[in-house]
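We just call them A, B, C, D and E in the order they show up, numbering each chain from 1.
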Amino acid sequence: MEILQVEAPLVCTRRVDGLRDISLRVLRNTKTGKRQVAVDPVGAREGNMVFTAMGSAARYAAGDFRILTDLTICGIIDNWEE
Amino acid sequence: MEILQVEAPLVCTRRVDGLRDISLRVLRNTKTGKRQVAVDPVGAREGNMVFTAMGSAARYAAGDFRILTDLTICGIIDNWEE
Amino acid sequence: MEILQVEAPLVCTRRVDGLRDISLRVLRNTKTGKRQVAVDPVGAREGNMVFTAMGSAARYAAGDFRILTDLTICGIIDNWEE
Amino acid sequence: MEILQVEAPLVCTRRVDGLRDISLRVLRNTKTGKRQVAVDPVGAREGNMVFTAMGSAARYAAGDFRILTDLTICGIIDNWEE
Amino acid sequence: MEILQVEAPLVCTRRVDGLRDISLRVLRNTKTGKRQVAVDPVGAREGNMVFTAMGSAARYAAGDFRILTDLTICGIIDNWEE
């Protein structure tokens, strides 16, 4: 599971049906700067360090297998120091 | 889910059966320049910033699990600024 | 789906049962030079630019889910110019 | 399966249901320095070199398919020398 | 499927149940030097160039879906020249 930092919510009006009414977040790798989009079922806030699951685990972690994500926030890390 | 930019449609006459009559798009990573091919069920246009799902989510997001893709556009991002 | 160039067929006498009697191809990433092996159900020739699917889609695209590949050629691109 | 080194346990109060009461570990790639989070069913200690499985194998290896991980420690390597 | 070179067997006393009594091999990418661990159902020897499957194909290729690997040797390449 990857360790990433939460940035702003993703604003996205046009989406596939499997992601309607789902809160999406932009996450950033603090080492490489690479950004990804993830589903957030834990209520993370901007600046939080989180870890994420990919693949089929991401869909179950989103709370419903029908949610069509490949990346989901699985937890907020309490005190992360690199 | 990755964040990529839409380029031209992909012209491809010879394909496997699982991708017949499917609209394919070339997407480009604006940081690395890497190009990939994705199925587009949302009607994205050239220049749009989109996010994509991989794996089994890509096949469901394409609208039919029998579509043999490993990358599908899941939404068009409203106002993307890096 | 990745964009790769077809090189020579792969010569491989000893294989697992799930890849018996299957035509295998060496593909090359023209940017990084990295080589991979893929199943070819579309009859691509040396020099063709193709796109490929990974994961479970690769097995269905090979024409039979029992074929044990993680990479399959899904189509030949008509006129590729970088 | 990747070869990684065990660091400290991960302290994480807020998590998805599929990871409740699960021991999580921070693992580090000794070449690139990249850190990841994994489930540990084998009782690895700080400094151990381990190998890990990704994907659906990770969930079965965690001892229960309902555990929502994409990375699980599968074994402790006896004497690793690079 | 990746192209890798076989190194020594992996010595590993403590493992998850899904990898008991399984022959494990250290494989090396000859370009990047990166090492990975794979299950070997074909009897490869040190120095052989092999190709491998990831994901669910890796588990079937290992001869039994219950084997918890994410990387399996699928064939030995006859005469590999880069």
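Just so we're on the same page, a contact is a pair of C-beta atoms (placed from the backbone, for glycine too) under 8 Å apart; a residue touches a chain by one contact, two chains touch by 3 or more.
Model, not experiment: these values are computed from the prediction.
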Distance-wise, how many Å sit between the C-alpha centres of chain A and chain D, to the nearest whole number? 20
Distance from the CA centroid of chain B to that of chain E, rounded to the nearest Å? 32
Multi-chain contacts in chain A: which residues touch at least two other chains? 54-56, 58
With chains as vertices and touches as edges, which is it: line, ring, star, complete or other? ring
Give the chain order around the ring, anchored at chain A and oriented so that chain B comes second. A, B, C, E, D
Would you tell me which residues of chain C are touching chain E in their complex? 10-16, 18-19, 24, 26, 33-38, 54-56, 58-59, 66, 68-71
Chain C residues within the chain B interface of the complex: 1-3, 31, 41-43, 51, 53-58, 60-61, 63, 72-79
